[in-house]
Amino acid sequence: MTTKCANKSEDSKKENICMSLPSKPEYVSIVRMTSSVIANKIGFNIEDIEDIKVAVGEACNNAVLHGCDSNIFKVEFIISEEKFIIEIEDEGKGFNVDKYPHPDICNPKESGLGIFIIKSLMDNVEVKSSPGKGTFIRMIKFLNEKDKAYN
Amino acid sequence: MTTKCANKSEDSKKENICMSLPSKPEYVSIVRMTSSVIANKIGFNIEDIEDIKVAVGEACNNAVLHGCDSNIFKVEFIISEEKFIIEIEDEGKGFNVDKYPHPDICNPKESGLGIFIIKSLMDNVEVKSSPGKGTFIRMIKFLNEKDKAYN
Amino acid sequence: MSLNINKAFDSEKNLWEVKLIGEIDISTANSLKEILIKLLEEKEIDIKLDCKELDYIDSTGLGVLIGILKRLKSIDKDIIIINPKPNISKLFKITGLDKIFIIK
Amino acid sequence: MSLNINKAFDSEKNLWEVKLIGEIDISTANSLKEILIKLLEEKEIDIKLDCKELDYIDSTGLGVLIGILKRLKSIDKDIIIINPKPNISKLFKITGLDKIFIIK
(Lines give C-alpha, C1' and ligand atoms only; values in the text may rest on other atoms or scores of the structure.)
Protein backbone atom coordinates (compact mmCIF):
# COMPACT_ATOMS: atom_id res chain seq x y z
CA MET A 1 0.00 0.00 0.00
CA THR A 2 1.43 3.35 -0.96
CA THR A 3 -1.12 5.89 0.21
CA LYS A 4 0.59 8.76 1.92
CA CYS A 5 -1.17 11.67 3.47
CA ALA A 6 0.14 14.17 5.93
CA ASN A 7 -3.19 14.40 7.77
CA LYS A 8 -1.69 17.14 9.80
CA SER A 9 -1.95 20.87 9.58
CA GLU A 10 -0.68 23.95 11.35
CA ASP A 11 -3.89 24.10 13.34
CA SER A 12 -4.10 20.96 15.45
CA LYS A 13 -7.90 21.28 15.54
CA LYS A 14 -8.07 20.45 11.83
CA GLU A 15 -8.25 16.86 10.67
CA ASN A 16 -7.82 15.52 7.17
CA ILE A 17 -9.19 12.62 5.21
CA CYS A 18 -7.37 11.90 1.97
CA MET A 19 -8.64 9.81 -0.92
CA SER A 20 -7.33 8.93 -4.31
CA LEU A 21 -9.42 7.30 -7.01
CA PRO A 22 -9.25 6.23 -10.65
CA SER A 23 -10.25 9.05 -13.05
CA LYS A 24 -13.47 7.36 -14.09
CA PRO A 25 -17.10 8.48 -14.00
CA GLU A 26 -18.24 5.56 -11.86
CA TYR A 27 -16.09 6.68 -8.93
CA VAL A 28 -17.46 10.22 -8.67
CA SER A 29 -20.54 9.18 -6.71
CA ILE A 30 -18.31 7.56 -4.07
CA VAL A 31 -16.63 10.90 -3.38
CA ARG A 32 -20.01 12.67 -3.34
CA MET A 33 -21.35 10.18 -0.80
CA THR A 34 -18.25 10.47 1.34
CA SER A 35 -18.47 14.27 1.31
CA SER A 36 -22.07 14.18 2.44
CA VAL A 37 -21.36 11.69 5.22
CA ILE A 38 -18.58 13.93 6.53
CA ALA A 39 -20.65 17.13 6.16
CA ASN A 40 -23.40 15.45 8.12
CA LYS A 41 -20.96 14.49 10.88
CA ILE A 42 -19.63 18.05 11.08
CA GLY A 43 -23.19 19.21 11.68
CA PHE A 44 -24.22 20.97 8.46
CA ASN A 45 -27.94 21.27 7.77
CA ILE A 46 -29.57 19.36 4.91
CA GLU A 47 -29.42 22.24 2.43
CA ASP A 48 -25.72 22.82 3.06
CA ILE A 49 -25.02 19.09 2.77
CA GLU A 50 -26.75 19.05 -0.63
CA ASP A 51 -24.74 22.10 -1.73
CA ILE A 52 -21.48 20.44 -0.70
CA LYS A 53 -22.45 17.20 -2.45
CA VAL A 54 -23.22 18.98 -5.74
CA ALA A 55 -20.10 21.17 -5.59
CA VAL A 56 -17.85 18.18 -4.85
CA GLY A 57 -19.57 16.25 -7.64
CA GLU A 58 -18.91 19.05 -10.13
CA ALA A 59 -15.25 19.30 -9.22
CA CYS A 60 -14.84 15.52 -9.52
CA ASN A 61 -16.65 15.59 -12.89
CA ASN A 62 -14.06 18.06 -14.15
CA ALA A 63 -11.17 16.04 -12.77
CA VAL A 64 -12.51 12.95 -14.54
CA LEU A 65 -13.67 14.62 -17.77
CA HIS A 66 -10.54 16.67 -18.33
CA GLY A 67 -8.13 14.33 -16.56
CA CYS A 68 -6.04 11.80 -18.40
CA ASP A 69 -7.17 8.25 -18.90
CA SER A 70 -5.71 5.59 -16.64
CA ASN A 71 -4.83 8.32 -14.22
CA ILE A 72 -6.03 9.11 -10.73
CA PHE A 73 -7.47 12.12 -8.98
CA LYS A 74 -7.08 13.07 -5.35
CA VAL A 75 -9.49 14.48 -2.82
CA GLU A 76 -8.70 15.91 0.58
CA PHE A 77 -11.37 16.67 3.16
CA ILE A 78 -10.19 19.10 5.83
CA ILE A 79 -12.46 19.15 8.82
CA SER A 80 -12.58 21.74 11.56
CA GLU A 81 -15.16 23.05 13.96
CA GLU A 82 -16.24 26.02 11.92
CA LYS A 83 -15.68 25.00 8.33
CA PHE A 84 -15.32 22.18 5.83
CA ILE A 85 -12.61 22.52 3.19
CA ILE A 86 -12.51 20.19 0.20
CA GLU A 87 -9.54 20.08 -2.17
CA ILE A 88 -9.68 18.19 -5.45
CA GLU A 89 -6.63 17.72 -7.61
CA ASP A 90 -6.01 16.09 -10.98
CA GLU A 91 -3.05 15.64 -13.26
CA GLY A 92 -5.10 16.24 -16.37
CA LYS A 93 -4.72 18.70 -19.19
CA GLY A 94 -5.33 21.84 -17.16
CA PHE A 95 -6.78 25.09 -18.51
CA ASN A 96 -6.44 28.85 -18.41
CA VAL A 97 -8.42 29.92 -15.35
CA ASP A 98 -8.69 33.49 -16.67
CA LYS A 99 -10.60 32.65 -19.80
CA TYR A 100 -12.67 29.51 -19.59
CA PRO A 101 -16.25 29.85 -20.92
CA HIS A 102 -18.83 31.34 -18.52
CA PRO A 103 -22.49 30.45 -18.78
CA ASP A 104 -24.75 32.83 -20.76
CA ILE A 105 -28.42 32.23 -20.11
CA CYS A 106 -29.42 33.89 -23.40
CA ASN A 107 -27.36 31.32 -25.21
CA PRO A 108 -27.44 28.19 -23.06
CA LYS A 109 -24.88 25.54 -23.85
CA GLU A 110 -24.53 21.89 -23.02
CA SER A 111 -21.38 22.51 -21.00
CA GLY A 112 -19.66 25.23 -18.98
CA LEU A 113 -21.88 25.21 -15.88
CA GLY A 114 -19.65 23.26 -13.48
CA ILE A 115 -17.41 25.91 -11.98
CA PHE A 116 -20.25 28.43 -11.98
CA ILE A 117 -22.34 26.01 -9.88
CA ILE A 118 -19.45 25.37 -7.47
CA LYS A 119 -18.96 29.12 -6.96
CA SER A 120 -22.68 29.63 -6.38
CA LEU A 121 -22.98 26.89 -3.79
CA MET A 122 -19.77 27.26 -1.77
CA ASP A 123 -18.60 30.18 0.39
CA ASN A 124 -15.10 30.34 -1.00
CA VAL A 125 -13.62 28.78 -4.12
CA GLU A 126 -10.09 28.88 -5.45
CA VAL A 127 -8.97 27.29 -8.73
CA LYS A 128 -5.38 26.83 -9.80
CA SER A 129 -4.51 25.20 -13.08
CA SER A 130 -1.41 24.70 -15.20
CA PRO A 131 -2.12 23.75 -18.79
CA GLY A 132 -0.53 20.37 -19.41
CA LYS A 133 0.03 19.69 -15.72
CA GLY A 134 -3.25 19.59 -13.90
CA THR A 135 -5.83 21.42 -11.85
CA PHE A 136 -6.38 22.08 -8.16
CA ILE A 137 -9.62 23.38 -6.68
CA ARG A 138 -10.23 24.30 -3.05
CA MET A 139 -13.73 24.99 -1.84
CA ILE A 140 -14.89 26.02 1.61
CA LYS A 141 -18.27 25.90 3.33
CA PHE A 142 -18.60 27.62 6.69
CA LEU A 143 -20.77 26.13 9.39
CA ASN A 144 -23.38 28.69 10.37
CA GLU A 145 -23.80 29.69 13.99
CA LYS A 146 -27.13 27.92 14.36
CA ASP A 147 -25.75 24.56 13.23
CA LYS A 148 -22.68 25.05 15.41
CA ALA A 149 -24.85 25.57 18.47
CA TYR A 150 -26.78 22.43 17.62
CA ASN A 151 -23.62 20.31 17.77
CA MET B 1 -1.95 17.88 -0.77
CA THR B 2 0.31 14.91 -0.18
CA THR B 3 -1.84 11.87 -0.81
CA LYS B 4 0.01 9.36 -2.87
CA CYS B 5 -1.44 6.13 -4.09
CA ALA B 6 -0.25 3.88 -6.84
CA ASN B 7 -3.78 2.99 -7.93
CA LYS B 8 -2.27 0.55 -10.31
CA SER B 9 -1.72 -3.14 -10.11
CA GLU B 10 -0.31 -5.95 -12.19
CA ASP B 11 -3.78 -6.79 -13.39
CA SER B 12 -5.10 -3.82 -15.36
CA LYS B 13 -8.67 -4.88 -14.60
CA LYS B 14 -8.16 -4.02 -10.94
CA GLU B 15 -8.80 -0.50 -9.69
CA ASN B 16 -7.86 0.97 -6.35
CA ILE B 17 -9.32 3.57 -4.07
CA CYS B 18 -7.01 4.73 -1.30
CA MET B 19 -8.00 6.57 1.86
CA SER B 20 -6.16 7.78 4.89
CA LEU B 21 -7.89 9.01 8.00
CA PRO B 22 -7.14 10.16 11.55
CA SER B 23 -6.99 7.26 14.03
CA LYS B 24 -10.17 8.31 15.82
CA PRO B 25 -13.44 6.49 16.51
CA GLU B 26 -15.58 9.09 14.73
CA TYR B 27 -13.96 8.34 11.38
CA VAL B 28 -14.61 4.60 11.36
CA SER B 29 -18.19 4.97 10.14
CA ILE B 30 -16.98 6.92 7.11
CA VAL B 31 -14.86 3.97 6.00
CA ARG B 32 -17.73 1.58 6.67
CA MET B 33 -20.07 3.69 4.55
CA THR B 34 -17.53 3.97 1.76
CA SER B 35 -16.98 0.21 1.76
CA SER B 36 -20.69 -0.46 1.46
CA VAL B 37 -21.13 2.07 -1.36
CA ILE B 38 -18.31 0.39 -3.29
CA ALA B 39 -19.57 -3.13 -2.55
CA ASN B 40 -22.98 -2.09 -3.81
CA LYS B 41 -21.45 -0.74 -7.03
CA ILE B 42 -19.52 -3.96 -7.58
CA GLY B 43 -22.82 -5.82 -7.41
CA PHE B 44 -22.74 -7.67 -4.08
CA ASN B 45 -26.07 -8.69 -2.59
CA ILE B 46 -27.38 -7.07 0.59
CA GLU B 47 -26.13 -9.82 2.93
CA ASP B 48 -22.61 -9.66 1.48
CA ILE B 49 -22.61 -5.85 1.69
CA GLU B 50 -23.52 -6.08 5.37
CA ASP B 51 -20.76 -8.65 5.94
CA ILE B 52 -18.20 -6.40 4.25
CA LYS B 53 -19.37 -3.38 6.25
CA VAL B 54 -19.03 -5.20 9.58
CA ALA B 55 -15.63 -6.73 8.69
CA VAL B 56 -14.26 -3.38 7.54
CA GLY B 57 -15.65 -1.75 10.69
CA GLU B 58 -13.94 -4.32 12.91
CA ALA B 59 -10.57 -3.85 11.20
CA CYS B 60 -10.88 -0.06 11.50
CA ASN B 61 -11.84 -0.42 15.17
CA ASN B 62 -8.60 -2.30 15.78
CA ALA B 63 -6.55 0.23 13.84
CA VAL B 64 -8.06 3.03 15.91
CA LEU B 65 -8.13 1.24 19.29
CA HIS B 66 -4.61 -0.13 19.10
CA GLY B 67 -3.16 2.60 16.90
CA CYS B 68 -1.24 5.52 18.28
CA ASP B 69 -2.89 8.79 19.11
CA SER B 70 -2.52 11.62 16.64
CA ASN B 71 -1.70 9.08 14.00
CA ILE B 72 -3.47 8.00 10.85
CA PHE B 73 -4.62 4.72 9.39
CA LYS B 74 -4.89 3.78 5.74
CA VAL B 75 -7.45 1.87 3.79
CA GLU B 76 -7.16 0.55 0.27
CA PHE B 77 -10.14 -0.79 -1.67
CA ILE B 78 -9.12 -2.99 -4.60
CA ILE B 79 -11.95 -3.56 -7.00
CA SER B 80 -12.15 -6.18 -9.70
CA GLU B 81 -14.90 -8.03 -11.49
CA GLU B 82 -14.88 -11.12 -9.35
CA LYS B 83 -13.75 -9.92 -5.93
CA PHE B 84 -13.41 -7.04 -3.51
CA ILE B 85 -10.17 -6.76 -1.54
CA ILE B 86 -9.86 -4.39 1.39
CA GLU B 87 -6.53 -3.64 3.06
CA ILE B 88 -6.31 -1.74 6.32
CA GLU B 89 -3.01 -0.64 7.76
CA ASP B 90 -2.01 1.16 10.92
CA GLU B 91 1.24 2.23 12.51
CA GLY B 92 0.08 1.32 15.98
CA LYS B 93 1.56 -0.93 18.60
CA GLY B 94 1.13 -4.19 16.66
CA PHE B 95 0.71 -7.62 18.25
CA ASN B 96 1.76 -11.24 18.00
CA VAL B 97 -0.61 -12.76 15.44
CA ASP B 98 0.14 -16.27 16.71
CA LYS B 99 -1.15 -15.75 20.20
CA TYR B 100 -3.81 -13.10 20.51
CA PRO B 101 -6.86 -14.12 22.60
CA HIS B 102 -9.55 -16.15 20.81
CA PRO B 103 -13.17 -16.00 21.89
CA ASP B 104 -14.42 -18.73 24.26
CA ILE B 105 -18.18 -18.88 24.46
CA CYS B 106 -18.09 -20.63 27.85
CA ASN B 107 -16.25 -17.66 29.23
CA PRO B 108 -17.42 -14.67 27.20
CA LYS B 109 -15.31 -11.55 27.46
CA GLU B 110 -15.89 -7.91 26.64
CA SER B 111 -13.20 -7.94 23.96
CA GLY B 112 -11.44 -10.29 21.57
CA LEU B 113 -14.27 -10.81 19.05
CA GLY B 114 -13.07 -8.51 16.25
CA ILE B 115 -10.71 -10.70 14.22
CA PHE B 116 -12.94 -13.73 14.81
CA ILE B 117 -15.87 -11.82 13.28
CA ILE B 118 -13.78 -10.68 10.30
CA LYS B 119 -12.67 -14.26 9.60
CA SER B 120 -16.25 -15.51 9.86
CA LEU B 121 -17.66 -12.94 7.45
CA MET B 122 -14.97 -12.72 4.76
CA ASP B 123 -13.76 -15.40 2.35
CA ASN B 124 -10.07 -14.83 2.91
CA VAL B 125 -8.27 -12.94 5.67
CA GLU B 126 -4.59 -12.31 6.17
CA VAL B 127 -3.11 -10.45 9.15
CA LYS B 128 0.46 -9.27 9.41
CA SER B 129 1.68 -7.41 12.45
CA SER B 130 5.01 -6.27 13.84
CA PRO B 131 4.95 -5.39 17.53
CA GLY B 132 5.94 -1.75 17.84
CA LYS B 133 5.52 -1.05 14.14
CA GLY B 134 1.96 -1.65 13.08
CA THR B 135 -0.59 -3.99 11.62
CA PHE B 136 -1.80 -4.84 8.13
CA ILE B 137 -4.96 -6.79 7.39
CA ARG B 138 -6.15 -7.90 3.96
CA MET B 139 -9.64 -9.30 3.54
CA ILE B 140 -11.31 -10.61 0.42
CA LYS B 141 -14.93 -11.20 -0.51
CA PHE B 142 -15.67 -13.03 -3.75
CA LEU B 143 -18.64 -12.06 -5.86
CA ASN B 144 -20.82 -15.12 -6.29
CA GLU B 145 -21.84 -16.25 -9.77
CA LYS B 146 -25.44 -15.20 -9.34
CA ASP B 147 -24.55 -11.59 -8.47
CA LYS B 148 -21.99 -11.50 -11.28
CA ALA B 149 -24.64 -12.51 -13.82
CA TYR B 150 -26.92 -9.79 -12.46
CA ASN B 151 -24.37 -7.09 -13.25
CA MET C 1 -26.82 5.45 -6.91
CA SER C 2 -28.28 4.79 -10.31
CA LEU C 3 -30.91 6.13 -12.63
CA ASN C 4 -34.18 4.51 -13.63
CA ILE C 5 -36.21 6.02 -16.41
CA ASN C 6 -39.88 5.19 -17.05
CA LYS C 7 -41.37 6.58 -20.24
CA ALA C 8 -44.92 6.69 -21.54
CA PHE C 9 -46.75 8.41 -24.38
CA ASP C 10 -49.65 10.57 -23.17
CA SER C 11 -51.90 10.49 -26.23
CA GLU C 12 -54.46 12.85 -24.74
CA LYS C 13 -51.99 15.67 -24.17
CA ASN C 14 -49.70 14.50 -26.99
CA LEU C 15 -46.50 14.48 -24.96
CA TRP C 16 -43.87 12.12 -23.62
CA GLU C 17 -44.16 11.61 -19.89
CA VAL C 18 -40.78 10.58 -18.49
CA LYS C 19 -40.29 9.60 -14.84
CA LEU C 20 -36.76 10.06 -13.54
CA ILE C 21 -35.88 7.92 -10.52
CA GLY C 22 -32.49 8.12 -8.81
CA GLU C 23 -29.49 10.22 -9.74
CA ILE C 24 -28.43 11.92 -12.96
CA ASP C 25 -24.70 12.41 -12.90
CA ILE C 26 -21.59 11.94 -15.00
CA SER C 27 -22.09 8.16 -15.08
CA THR C 28 -25.81 8.15 -15.96
CA ALA C 29 -26.34 11.36 -18.01
CA ASN C 30 -25.48 9.60 -21.25
CA SER C 31 -28.17 6.97 -20.90
CA LEU C 32 -30.71 9.76 -20.26
CA LYS C 33 -29.53 11.50 -23.43
CA GLU C 34 -29.89 8.35 -25.52
CA ILE C 35 -33.37 7.62 -24.23
CA LEU C 36 -34.64 11.16 -24.80
CA ILE C 37 -33.15 11.28 -28.31
CA LYS C 38 -34.82 7.97 -29.14
CA LEU C 39 -38.17 9.33 -27.97
CA LEU C 40 -37.78 12.40 -30.17
CA GLU C 41 -36.84 10.25 -33.13
CA GLU C 42 -40.13 8.47 -32.65
CA LYS C 43 -42.18 11.65 -32.16
CA GLU C 44 -40.97 15.24 -31.79
CA ILE C 45 -43.35 16.48 -29.13
CA ASP C 46 -43.24 18.08 -25.68
CA ILE C 47 -41.45 16.14 -22.94
CA LYS C 48 -42.74 16.19 -19.40
CA LEU C 49 -40.14 15.16 -16.82
CA ASP C 50 -41.53 13.94 -13.53
CA CYS C 51 -38.74 14.59 -11.00
CA LYS C 52 -40.63 13.48 -7.89
CA GLU C 53 -38.14 10.66 -7.29
CA LEU C 54 -35.09 12.34 -8.76
CA ASP C 55 -32.60 12.79 -5.91
CA TYR C 56 -29.69 14.40 -7.69
CA ILE C 57 -28.75 16.20 -10.87
CA ASP C 58 -25.55 17.99 -11.80
CA SER C 59 -24.17 19.98 -14.73
CA THR C 60 -23.77 16.88 -16.89
CA GLY C 61 -27.49 16.14 -16.47
CA LEU C 62 -28.46 19.79 -16.98
CA GLY C 63 -26.30 19.79 -20.11
CA VAL C 64 -28.29 16.86 -21.54
CA LEU C 65 -31.56 18.65 -20.81
CA ILE C 66 -30.28 21.89 -22.38
CA GLY C 67 -29.29 20.01 -25.54
CA ILE C 68 -32.70 18.37 -25.86
CA LEU C 69 -34.50 21.65 -25.06
CA LYS C 70 -32.60 23.48 -27.82
CA ARG C 71 -33.75 20.85 -30.30
CA LEU C 72 -37.36 21.09 -29.07
CA LYS C 73 -37.43 24.92 -28.98
CA SER C 74 -36.38 24.99 -32.64
CA ILE C 75 -39.72 23.38 -33.50
CA ASP C 76 -41.64 25.32 -30.81
CA LYS C 77 -41.87 22.44 -28.39
CA ASP C 78 -40.94 22.41 -24.68
CA ILE C 79 -39.61 20.51 -21.72
CA ILE C 80 -41.90 20.67 -18.69
CA ILE C 81 -40.40 19.77 -15.34
CA ILE C 82 -42.75 18.74 -12.55
CA ASN C 83 -42.31 17.91 -8.85
CA PRO C 84 -38.64 18.85 -8.47
CA LYS C 85 -37.19 18.42 -4.97
CA PRO C 86 -35.82 21.58 -3.29
CA ASN C 87 -32.17 20.78 -4.13
CA ILE C 88 -33.09 20.31 -7.80
CA SER C 89 -35.16 23.53 -7.96
CA LYS C 90 -32.23 25.35 -6.40
CA LEU C 91 -29.89 24.22 -9.17
CA PHE C 92 -32.28 25.37 -11.91
CA LYS C 93 -32.60 28.70 -10.12
CA ILE C 94 -28.94 29.49 -9.56
CA THR C 95 -28.10 28.59 -13.15
CA GLY C 96 -31.00 30.69 -14.53
CA LEU C 97 -32.34 27.60 -16.27
CA ASP C 98 -35.67 28.07 -14.48
CA LYS C 99 -36.24 30.82 -17.06
CA ILE C 100 -35.92 28.59 -20.10
CA PHE C 101 -37.49 25.36 -18.85
CA ILE C 102 -41.14 25.25 -17.80
CA ILE C 103 -41.05 24.24 -14.15
CA LYS C 104 -44.19 23.37 -12.25
CA MET D 1 -24.88 7.39 11.76
CA SER D 2 -25.65 7.81 15.45
CA LEU D 3 -27.38 6.04 18.28
CA ASN D 4 -30.61 6.98 20.01
CA ILE D 5 -31.63 5.17 23.14
CA ASN D 6 -35.16 5.26 24.59
CA LYS D 7 -35.60 3.69 27.99
CA ALA D 8 -38.67 2.91 30.04
CA PHE D 9 -39.45 0.92 33.18
CA ASP D 10 -42.06 -1.79 32.60
CA SER D 11 -43.55 -2.09 36.09
CA GLU D 12 -45.86 -4.94 35.15
CA LYS D 13 -43.05 -7.23 33.98
CA ASN D 14 -40.50 -5.57 36.26
CA LEU D 15 -37.89 -4.96 33.56
CA TRP D 16 -36.13 -2.15 31.73
CA GLU D 17 -37.35 -1.79 28.17
CA VAL D 18 -34.63 -0.16 26.08
CA LYS D 19 -35.17 0.79 22.43
CA LEU D 20 -31.98 1.03 20.38
CA ILE D 21 -32.24 3.22 17.27
CA GLY D 22 -29.34 3.67 14.86
CA GLU D 23 -25.86 2.23 15.05
CA ILE D 24 -23.80 0.84 17.94
CA ASP D 25 -20.15 1.11 17.04
CA ILE D 26 -16.83 2.24 18.41
CA SER D 27 -18.03 5.84 18.68
CA THR D 28 -21.39 5.12 20.36
CA ALA D 29 -20.79 1.93 22.40
CA ASN D 30 -19.61 3.89 25.41
CA SER D 31 -22.79 5.92 25.72
CA LEU D 32 -24.80 2.67 25.60
CA LYS D 33 -22.63 1.28 28.39
CA GLU D 34 -23.12 4.34 30.57
CA ILE D 35 -26.88 4.34 30.10
CA LEU D 36 -27.26 0.63 30.86
CA ILE D 37 -25.04 0.90 33.95
CA LYS D 38 -27.11 3.82 35.20
CA LEU D 39 -30.30 1.80 34.77
CA LEU D 40 -28.83 -1.08 36.76
CA GLU D 41 -27.70 1.28 39.49
CA GLU D 42 -31.30 2.37 39.81
CA LYS D 43 -32.74 -1.16 39.69
CA GLU D 44 -30.96 -4.46 39.01
CA ILE D 45 -33.58 -6.20 36.90
CA ASP D 46 -33.91 -7.83 33.46
CA ILE D 47 -33.19 -5.64 30.46
CA LYS D 48 -35.20 -6.03 27.28
CA LEU D 49 -33.48 -4.56 24.22
CA ASP D 50 -35.78 -3.72 21.33
CA CYS D 51 -33.54 -3.86 18.23
CA LYS D 52 -36.25 -3.22 15.65
CA GLU D 53 -34.56 0.01 14.57
CA LEU D 54 -30.99 -0.99 15.30
CA ASP D 55 -29.16 -1.01 11.96
CA TYR D 56 -25.67 -1.95 13.01
CA ILE D 57 -23.71 -3.46 15.87
CA ASP D 58 -20.10 -4.55 16.04
CA SER D 59 -17.74 -6.17 18.54
CA THR D 60 -17.50 -3.00 20.62
CA GLY D 61 -21.29 -3.03 21.05
CA LEU D 62 -21.38 -6.77 21.68
CA GLY D 63 -18.62 -6.27 24.27
CA VAL D 64 -20.78 -3.77 26.16
CA LEU D 65 -23.72 -6.19 26.14
CA ILE D 66 -21.51 -9.06 27.31
CA GLY D 67 -20.23 -6.96 30.20
CA ILE D 68 -23.74 -6.02 31.29
CA LEU D 69 -24.99 -9.61 30.85
CA LYS D 70 -22.21 -10.96 33.09
CA ARG D 71 -23.29 -8.55 35.81
CA LEU D 72 -26.96 -9.51 35.42
CA LYS D 73 -26.27 -13.28 35.26
CA SER D 74 -24.45 -13.06 38.60
CA ILE D 75 -27.77 -12.12 40.21
CA ASP D 76 -29.81 -14.46 37.97
CA LYS D 77 -31.13 -11.74 35.72
CA ASP D 78 -31.08 -11.64 31.91
CA ILE D 79 -30.83 -9.57 28.77
CA ILE D 80 -33.66 -10.26 26.32
CA ILE D 81 -33.15 -9.17 22.74
CA ILE D 82 -36.21 -8.69 20.55
CA ASN D 83 -36.77 -7.87 16.87
CA PRO D 84 -33.15 -8.07 15.66
CA LYS D 85 -32.63 -7.45 11.93
CA PRO D 86 -31.07 -10.32 9.93
CA ASN D 87 -27.56 -8.77 9.96
CA ILE D 88 -27.72 -8.41 13.75
CA SER D 89 -29.03 -11.98 14.30
CA LYS D 90 -26.22 -13.22 12.09
CA LEU D 91 -23.61 -11.57 14.29
CA PHE D 92 -25.05 -13.11 17.46
CA LYS D 93 -25.09 -16.48 15.71
CA ILE D 94 -21.55 -16.54 14.35
CA THR D 95 -20.13 -15.41 17.69
CA GLY D 96 -22.18 -18.01 19.60
CA LEU D 97 -23.69 -15.20 21.67
CA ASP D 98 -27.17 -16.38 20.67
CA LYS D 99 -26.60 -19.12 23.25
CA ILE D 100 -26.07 -16.78 26.20
CA PHE D 101 -28.49 -13.97 25.39
CA ILE D 102 -32.22 -14.62 25.18
CA ILE D 103 -33.13 -13.69 21.61
CA LYS D 104 -36.74 -13.51 20.48
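Letters are used for the chains, namely A, B, C and D, taken in the order the chains are written, and counting of residues starts over at 1 for each.
Here is the rule we use: a contact is a pair of C-beta atoms (placed from the backbone, for glycine too) under 8 Å apart; a residue touches a chain by one contact, two chains touch by 3 or more.
Given the structure is predicted, the values throughout are model-derived calculations rather than measurements.
Listed by label, the chains that touch chain B and also chain C are A.
Set against the C-alpha centre of chain B, every other chain centre is closer than that of C. The distance from the centre of chain A to the centre of chain C, each centre being the mean of the chain's C-alpha atoms, comes to 26 Å. If each chain is reduced to the centroid of its CA atoms, chain A and chain B end up 26 Å from each other. Chain A and chain D have Cα centroids lying 41 Å from one another.
For this pair, chain C with chain D, the centres built from the Cα atoms lie 49 Å apart. In chain C, the residues touching two or more other chains are 1. Multi-chain contact residues, meaning those touching two or more other chains, occur in chain A at positions 26, 29, 37, 41. Those residues of chain C that touch chain A in the shared complex are 1, 23, 25-27, 56, 58-60, 62-64, 66-67, 69-70, 86-87, 90-91, 94-97, 99-100. Here chain B touches chain D in the complex through residues 25-26, 28-29, 32-33, 47, 50, 53-54, 57-58, 60-61, 64-65, 103, 105, 108-111, 113-114, 116-117, 120-121, going by the rule given at the top. On chain B, the positions that touch chain A within their shared complex are 1-7, 15-22, 24, 26-27, 29-30, 33-34, 37-38, 41, 72, 74, 76, 87, 89, 136.
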